[in-house]
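The structure appears below as structure tokens.
A, B, C, D, E and F are the chain letters, set down in written order, and residue numbers restart from 1 in every chain.
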Amino acid sequence: MFELGVVRRNITRADRTAADALAQYGSATVHEAMGRVGLMQPCMRPIQAGAQVSGTAVTVLLQPGDNWMLHVAAEQIREGDVVVAAVTSPCTDGYFGDLLATSFMARGARALVIDAGVRDVKALQQMGFAVWCRAISSKGTIKATLGSVNVPVVCAGMLVTPGDVIVADDDGVVVVPAAQAVATAEAAARREANEADKRARLAAGVLGLDMYKMREPLEKAGLRYID
Amino acid sequence: MFELGVVRRNITRADRTAADALAQYGSATVHEAMGRVGLMQPCMRPIQAGAQVSGTAVTVLLQPGDNWMLHVAAEQIREGDVVVAAVTSPCTDGYFGDLLATSFMARGARALVIDAGVRDVKALQQMGFAVWCRAISSKGTIKATLGSVNVPVVCAGMLVTPGDVIVADDDGVVVVPAAQAVATAEAAARREANEADKRARLAAGVLGLDMYKMREPLEKAGLRYID
Amino acid sequence: MFELGVVRRNITRADRTAADALAQYGSATVHEAMGRVGLMQPCMRPIQAGAQVSGTAVTVLLQPGDNWMLHVAAEQIREGDVVVAAVTSPCTDGYFGDLLATSFMARGARALVIDAGVRDVKALQQMGFAVWCRAISSKGTIKATLGSVNVPVVCAGMLVTPGDVIVADDDGVVVVPAAQAVATAEAAARREANEADKRARLAAGVLGLDMYKMREPLEKAGLRYID
Amino acid sequence: MFELGVVRRNITRADRTAADALAQYGSATVHEAMGRVGLMQPCMRPIQAGAQVSGTAVTVLLQPGDNWMLHVAAEQIREGDVVVAAVTSPCTDGYFGDLLATSFMARGARALVIDAGVRDVKALQQMGFAVWCRAISSKGTIKATLGSVNVPVVCAGMLVTPGDVIVADDDGVVVVPAAQAVATAEAAARREANEADKRARLAAGVLGLDMYKMREPLEKAGLRYID
Amino acid sequence: MFELGVVRRNITRADRTAADALAQYGSATVHEAMGRVGLMQPCMRPIQAGAQVSGTAVTVLLQPGDNWMLHVAAEQIREGDVVVAAVTSPCTDGYFGDLLATSFMARGARALVIDAGVRDVKALQQMGFAVWCRAISSKGTIKATLGSVNVPVVCAGMLVTPGDVIVADDDGVVVVPAAQAVATAEAAARREANEADKRARLAAGVLGLDMYKMREPLEKAGLRYID
Amino acid sequence: MFELGVVRRNITRADRTAADALAQYGSATVHEAMGRVGLMQPCMRPIQAGAQVSGTAVTVLLQPGDNWMLHVAAEQIREGDVVVAAVTSPCTDGYFGDLLATSFMARGARALVIDAGVRDVKALQQMGFAVWCRAISSKGTIKATLGSVNVPVVCAGMLVTPGDVIVADDDGVVVVPAAQAVATAEAAARREANEADKRARLAAGVLGLDMYKMREPLEKAGLRYID
């Protein structure tokens, strides 16, 4: 947020196995596994239904109406990365379309998460390039002012440091700091193992009130039943 | 809105036949049949395309970031109910996911209408549990503060009394007071019978101007045609 | 915007061949071909995925909560038109549904672009009538106050003069003044021809940095690479 | 919300002494005294700084862009009333200006709370007529469609029954059901008596951590201090 | 909206006497005098309370995050003008501050109306330079891309042609086409003359129901009084 | 953003002289002096006009509808601090009122910057405690869930590290990293020295076009003047 005109070439990406494994748990489970933190704001929506990805963050700081740094970022992408783009002020312009997506895919990117707009969404869906964004807009951008690549950025209310793991699905986008990736993958796995059994019992008609032993704390809190 | 810490067990549900029948007409026709009232605000959107349901309301009043009362509400659900949840202040957190949906379905609920966020939307779609909500968010909630179940609530700008009929589809959500359910179903049926003929004439090229005899009132209102 | 109670019967529609040809390029390419102008605000969203249309504008100026003039407009529609509707103050009511769509289709309209709400969206999708709008709402409207048909209107922030070409797709809606339709179609065709080659090179791994010769201007602007 | 075309002439107003007394406590204290319920949404803002009023509600249900029922409501106003107006769908038009305010003041109204727009705000401020609203807009309205007067309405997310007490100040607007007015006034008085002492201790440098005995529960919840 | 890179030097300003006279009536009366048209959206708010101005429009079309054309516009300002600025896509950056205001005042401008953000608002208030805007933001802008001066623009949803009259006050901003300025000033004067008498009668307790003879049409519309 | 349940007692505050000096320049100049970065989003508005403060950040991470950690933060405040509070999900509740303000003032705090709501705004204004916030709301909060104090937080889109300098005025809020405080104060001083001369020349009628030597680059960019 505070450094313009800089491209960091060497970043420390999170553990690859953990970064790849986190996709399967989805954003809700991962965010719970971290202690209910790390979510971007819910204004970030997928342009496609059903995509569920994780990867290591290459970050981009853009200027309003200017997508120059996305071209600079392409060169820094490695297989398994997710590009995360923020803008220095609120903007809904279409910073990204099918040409940049072609380039990003050729470089190995799995997705784009951008706190702004994108365009060519039909083509992007057909190409299978996943995008989470704040807006869809045909509005083109210029290439005039420097931002940065691979500096810490705030995207949709959440800090993203280059190399962090991004997990995104239909529910939203969560950021896992690189140092917590392995532990979070383990915690998410435990959490999910736990859920299958709960689901079966609830499906059989057991009430959460009983399964979670809520009746006593509810009574203690003063809940009154009236006929 | 004014009563916290209360669960009403016995509520008077609207006439079952009428409550079931209203789904087929959809929210627009039902709202017209009631005299153009009863709609929730258009910010309430379905998480799935094409679902069209009606049922009797079990209401829930939630606290911000706290979904405790949804678990309490599950026990009050009967076959054919639609759960309607409001929050005491604006909140987009994900109060509801696949585990609660499993429990609600097991209890016979047809849908959830919630003036807040939900998560696990892909799973919810696969399970076929219909949801109308204000937001989609992975953000988890706590279980710390009492709200109420089966008290009157305001959901997305509309009063819902327990037992009222809820009709929801791709166009939105409408509330039919229990006492008006039968009359509204009849009025909706009449309205729809009327529309097939109109549709055929319009498809044949007849103008609404002529079919609805609008030319005279338009002229009286001063409409001028210019070449 | 300034003339109420008027219907203009004879309008000069843009060149038909150009108006029809513009659809294939989509809103992003057309807006770029015009010099990056002409877009409506991104709040205008399609109710269906994948539709891509162009046509000549029949304009409508509506009053809040009143759809009378849409019926008046139907008579002015010719084959190949797109109806563009604005309201004199912000309103999300459902001005348009399946009956009006039936009439508009019978008259030859290709789509509706409305800076307000529509309803019966499932039926509209099934009929294949394309709509771009600001909201979806069951709320019905009245027929009490005059607006105008075929006067210049501002729709979602953009001026539309009757006869202009409207190009709409998943990315948004762009307005091409009638006098610029032919030149814009030519410019769009040139632009698109140009893109196939670029796409192939990017897919082969060529960087935009090199293809667009950006390295030198970036260095001149002061971009620093850090290891 | 469900009844159009009706004016109820005889309503049961809350206890006058309690209704008058509640103003002095302000919306925050009154809402706390009721158990933290009853607030309208924070989009309701005063057009003047510093006004703090309470009174008994005369309710109005309006149609979009139509202020006819405000004229009907004027006749139902008695000394000490606050007019509360809702619209059947979201609308920001200017339903109310200096002429209506002159009439309302002559009838004894203390304020207007309207979930829509007002105009002539400079004149309203000079006249000393207090208004809480969602928008300020010059947009005029028509007089064509019936709404209702003195039926229950939902205003900015909160149910208002005719005769309820409205308390409004710079912090927002709270609704006190008529039957709870006396008890709420007493609870508010106790609450406020309690605050003077707290304020003095905090001003003297005592920490809330100690005054409210929070250190132990915080420790129990797991709070860790790091140097 | 459609022409970039152009400065029109000679524009036809509205009749000076009418343009000056319109300020006294305010935006609500002027908009009514025009037949209830011409208003910008209510998101346009003054940065100062109580200012009430009118003047002839010098228009500016800006690019997102770029205020270059405001400097170009300064040269085109004449005594009695109001600068009206639009942006090619939604943007809240601070395009305008005390230095530009100093220059605009030196050139004779009476106000700025901008569909974007401004900064230095305390200084602007102290200088007495009136501004209506969509946002307040410290965010600075660049000078890199051409827009236009004195082309038709859409500002906050309303078309403004260079030379039109702008009337702005606490209630909002209205645009009067140059050709209608004289007639509008006359209509506004008549309207206002009419209001003093009405105000006196309403203040004396006469009801609008009687003064406007509404009882009969209300009864005809079906209004029912209930005791 | 990623650490809950932690209070850091020892933080490195920015240089005191620089932290104090930055207030005089205001948020716009400071943000420019940093290279046009560091601003919070423009939704952050002051509850009082004219306040202009700077100070060192004590940060707080809050849970939705829960202000417990503001009490914990009070103990960490030192003379010259500004408390900066973020919430883990969007929330407009009134987390802060006159009692907490009394305590914060007693501890030496200069202001509160909170990405949520506050209440008792009239009292806060009378006490002279400056607040920048996203909303004003009477809605009370609970004390049930841990957040953190003095961890890095994202407030209104900007990263704030404990000890950073906060500069806030009518134009908005800017964050200066502690390590850049001295250099930024110097750059801001140079920038301001520079402005007095410019202001005088503009007031004398010199055009920015000439003063900034813009005519040539504008011509090169293709600007055309038309009579």
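Keep this in mind: a residue touches a chain if its C-beta (ideal position, glycine included) is under 8 Å from a C-beta of that chain, and two chains touch if they have at least 3 such contacts.
Keep in mind the model is a prediction, meaning the values are calculated, not measured.
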If every step must land on a chain the current one touches, say how few steps get you from chain C to chain F. 2
Shared interface numbers for chain B and chain D above half of all numbers used, same, or below, different? same
Need the CA-centroid distance for the pair chain A / chain C, whole Å please. 31
Between chain A and chain D, what is the gap in Å from one C-alpha centre to the other? 41
Nearest whole angstrom, what separates the Cα centre of chain C from the Cα centre of chain D? 42
For chain A, which residues are shared contacts with two or more other chains? 36, 39, 42, 88-90, 92, 137, 139, 145
If you connect every pair of chains that touch, what shape comes out? Choose line, ring, star, complete or other. other
Those chain pairs that satisfy the touch definition: A-B, A-C, A-E, A-F, B-C, B-D, B-F, C-D, C-E, D-E, D-F, E-F
If you look only at chain D, which of its residues touch chain B in the complex? 1-4, 34-39, 41-42, 88-90, 152, 154, 157-159, 177, 180
Provide the residue numbers of chain C that touch chain B in the complex, in ascending order. 5-10, 68, 71-72, 74-75, 92, 94, 97-100, 102-103, 105-107, 117, 119-122, 135-140, 143, 145-146
Chain C residues within the chain A interface of the complex: 26-28, 31-32, 36, 39, 42, 45, 49-50, 52, 169-172, 174, 195, 198-199, 202-205, 207-209, 212, 214, 217-218, 221-227
Partner chain E, residues of chain A touching it in the complex: 63-66, 88-93, 137, 139, 142, 144-145
